[in-house]
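Shared chain: subunit A. Partners: subunit B in the first complex, subunit C in the second.
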Partner chain A sequence: MTAHLPQAAGMRLSCRGLTVAYEEAGRPIPALSDVGFDVAPGASVALLGSTGAGKSTLLQTLKGLLEPEGGDVVLDGLAATDEGFVALRREVGLVFQRPELQLFAGSAREDVAFGPRRLGWAADEVAAAVDAALELVGLPAADFGERHPYALSGGEQRRLALAGVLAMRPRLLLLDEPFVSLDPAARRALVVVLRRLVDGGTTLLLATHDVDAAWGLCGERLVLDEGRLVAAGPWAFGAGGEEAFAGHGLEPPFLVELWRRLGRPVAEAPRSAAAAAEALR
Partner chain B sequence: MSAPLVDIAGLRFAYPGAAGPALDGLDLRVAEGEAVALVGPNGSGKSTLARLLAGLAVPDGAERATVCGHDLLDAAGRLAARRDVGVLFQDPENQLVAEDVEADVAFGLENLAWPPERIRARVEEMLAAFGLGGLRERAPHLLSGGQKQRTALAGVLAIPRRVLVLDEPTAMLDAGGRDEVLAAVRQVRAEGLATVFVTQEMREVGLADRVVALERGVAVFSGAPRELFADLGLVTRLQLGVPPAAEVVLALRRAQAPGRDREATAGEAAERLPLTLDELLAALAEAAL
Partner chain C sequence: MRATITQYVPGRSPLHRLDPRIKVVAVTGLAVALFVRSSYGALAVFGATALVAVLISGVPARWFWRGLKPLLWLVGLTFVVQVLFARGEAFFSLGPIHLTWEGIERATFLSVRLVILVVTGALLTLTTPPVALTDALAWLTRPLRRLRVPTEELALMVTIALRFIPTLLMELDTIMRAQRARGADFAHGGIMTRARALVPVLVPLFVVSFRRADDLALAMEARCYRPGLTRTRLHPLVAGARDWLALVLVVAVIVVAMMV
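The block that comes next holds the complex of A and B.
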């Protein structure tokens, strides 16, 4: 039997003219310049760009950890000055890079319960949310609930940290490089979890260097280059593959490149090896 | 034939308080100039081995554990090993220590109290070798990930080394940074340095002369990369994953013969799997004839 988190509809996200700068020795260093885009409820969007392009800054600004110098984050049509915005922002979940470094409790269950408790939920509601989140990430409470976080493998710790965010039932989930330093098996397990979330209607914004994983999971992509948004919306292909990638330190997904080299229309490139095989047989 | 640079048999190591050993009788030999990729699931002992090779941790025991002729089982040997073995770690954020690129490359040499003239000459040589000349006055935090790793590598190799250990040096980089670092590593290899390369990226394994797979602290495979991916039973057991090109061929086999399970596929051990896009295209062209 599978426990389910009651799935609320995904959140709509918009940004208008978002500008963020860091101060460095008294001088502002721009991190995001005039970034604007729309993400529909339930969309899954890859956030791509070289190291230093501003991906983490964007995610942290969306969650409200960084204050923009200019522009607006708009959640379900509400801007920061609107009533109800604060409550909406609580429904934005951010999973940091290497989130397992922030595990601290004595058991998996306690670690996941931390967030929901801080939201002031009743004990039975917390317990239900914790069980459902552990189930969702493939660490069922019956087997893993009492395990010490440090006794889990690296991949399990990563998913446990994700469960800690999912237990708060985010309607918009922001993930910062979730695949870094996971082995291929752990990566696959995480992809399964993320696909479940996408299928369940959660809006997903996934910052990653792994273009192949992004291609498999995300219907759209945002491409940042030195703090500027250079592409948004569905993956767009010209005859030469992903045009927006050229010159931004990115390479096209393997399956897109395969389709291009086979002389097939790249707009029809498959999203998985299985789909590729189906088309090729 | 000269003795191997790394000559390890039965190496054991356990972290204090851990349920089991991290290395449980590990064997590894690396010849002069050889490039060895270390693969295996999270927790199989790869990074522990990397630290031990560099003399950064104390083994619990071994039948034999020498690196460049230094015995890792005694303190003096480990200290000597640290001189001969350079290590590049995964995270570009915490390997640079000085105020700019030039000072960072010089840092290790200054600690060894080289004369200033020799330091200057060596730093120039390293900056040129790793294409960092134009960045010499750049502060580390203003470098891209790939530039940071190249700077760290130049610093590690400024001290003349005999073995280079790389612990997932590209894991946190984008495609551009990864290519930069891999090009630098290829160059190091071309100069004849023995390299031991920990990686999770199955498409990087093809760069090695030999791949060693670890499972629960033991080396369970040693051979050419192609032989590893030909043994699908082992690849499946170690949950290694295969390069995307091989994945497509495996999916094709499943699509053409539905109902065949993993055991059946493992029986085709001798069949060649493509490891690159070019090899996949060649295999598809051949199948179409």
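The block that comes next holds the complex of A and C.
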């Protein structure tokens, strides 16, 4: 059986002048200031920035869990006031930080089925979506479907929680620090799943501190610093690009740094160890 | 942070610096006296005392208002019940409703007393850090240890509980958002639907809490915590002249109120 999720093409995402503030002790604390960018359908984009830069706030605002003070989220060309926007927002999947903390059902299958059921799908459609999502994250329903979520390993729980969102067939997937507190094997397994999603055409926005994983998965990056967008578009490490990294609490990916030290053009830095070995052979 | 349950408002006023034990005793005394003595004079004395204390505390009035808001319905209910069921000569009648001046007077009296009580209590919690409060309670209940009541442990439990309430509320907020992202709906439907909607929130919240409690217990043991021992304090409670003066003042207020 092959994973046939997602079926639809990735979603186009744009933001204009997005401004979000939290209220603390009666005073507004700005979390995002005038953030605007475009993500093409099917693109995979890394969202980088140090802790507190506003990455989680941005993702939750895109999903509609936080209300922006100003600015627009535009999905497939539709703004919040347009008809059909609500339906599009349902096709935005958001995976929280440490999503395994939100597992609650008595079996893996039941937990993954929660979202699709909430969407009001028919029982057979729910079952198909659940099986496909479990397959996609590498926890085939035949082996894992009836297991208790809390009996799984940490990495398996993380992928199960991801399946719970994937089963809703998101066309835009927002991931908040998916690699945090995973051991190397679990991280590798998750990278494989995300690679599948990217290849399948889902639009991906990946908030992470793991710049090496982001470098391997994402063609572009957004850099947030204290709520402001300081870089967007394809990765750049040359004159200016390097500063854009070092100045915002970030470091270049290992392979980029390696290429720089080898005196090779960083624009040609490989995306994987295998590609690096190939180039150096 | 939207999750604030312990309502301590940091400050450096004389009330903030008062020995928490004195504060607990004073507020308890005032609250009891407020209910023992029901005269307008006493009410005026207690009201004036609370007002002066609020001004001394330097805590903005809106914090007291926040404490009062949830009790407004109780005040309202007291008022309605008193007005409706009071005896006396009606000056206005509509069906079964008879308004009497006595009823309105009584209702006003009780409502004002309730407000004074809440403000007096809020003075304690707004100017005393929770940990100081539990320390004071542990000290004041020390005699109970002769009866083998584990007061130190109870005080520690309360301290830990207070410490984790904001954490749990934040956790709750995150889990609710995460489940909303999966289509959960907490705002619509009847009582049963809404109660069922909470299952995906409460199960993870409990699991996380138990895990955290386990970790905390291990961490405390690793730092040699043992129940049943007399612990020494980093900041021993010492009542100075100012604290005793405050207590004398409060006693004086109560005595005056008892006489007017």
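Some observations on this one:
The criterion applied here is as follows: the second predicted complex is superposed on the first by the 274 of 281 C-alpha atoms of A that agree within 3 Å, B and C clash if a C-alpha of one lies under 4 Å from a C-alpha of the other, contacts with A are read in each partner's own complex, and residues count from 1 in each chain.
Basically, a contact is a pair of C-beta atoms (placed from the backbone, for glycine too) under 8 Å apart; a residue touches a chain by one contact, two chains touch by 3 or more.
Because the structure is a prediction, the values reported are computed rather than measured.
Contact with subunit B, but none with subunit C, is seen for A:S181 once the two complexes are overlaid on the shared chain.
Legend: residue contacts after superposition of the two complexes on their common chain; A:E278 is shown touching subunit B, with no touch to subunit C.
By the document's definition of touching, neither partner reaches A:A236: not subunit B, not subunit C.
By the touch criterion defined above, A:R261 reaches subunit B but does not reach subunit C.
If you count the residues of subunit A touched by subunit B and by subunit C, you find the higher number for B. In the superposed model, A:S153 makes contact with subunit B only, not with subunit C.
When the shared chain is aligned, subunit B comes close enough to touch A:S50, but subunit C does not.
Contact with neither subunit B nor subunit C is seen for A:A9 once the two complexes are overlaid on the shared chain.
In the superposed model, A:F96 makes contact with subunit C only, not with subunit B.
No residue of subunit A is contacted both by subunit B in one complex and by subunit C in the other.
Residues 49-52, 151, 153-155, 177, 180-188, 209, 211-212, 249-251, 254-255, 257-258, 261-262, 272-274, 276-278, 280-281 of subunit A are the ones that touch subunit B when the two sit in their complex.
Residues of subunit B that touch subunit A in their complex: 19, 40-43, 90, 92, 144-146, 168, 171-177, 200, 202, 239-241, 244-245, 247-248, 250-252, 254-256, 277, 280-281, 284. Those residues of subunit C that touch subunit A in the shared complex are 1-2, 174-175, 177-185, 199-201, 203-204, 207-208. Of all the residues in subunit A, the ones that touch subunit C in their complex are 23-24, 60, 63, 65, 90, 93-94, 96, 99, 101-105, 114-115, 118-119, 150, 164-165, 168.
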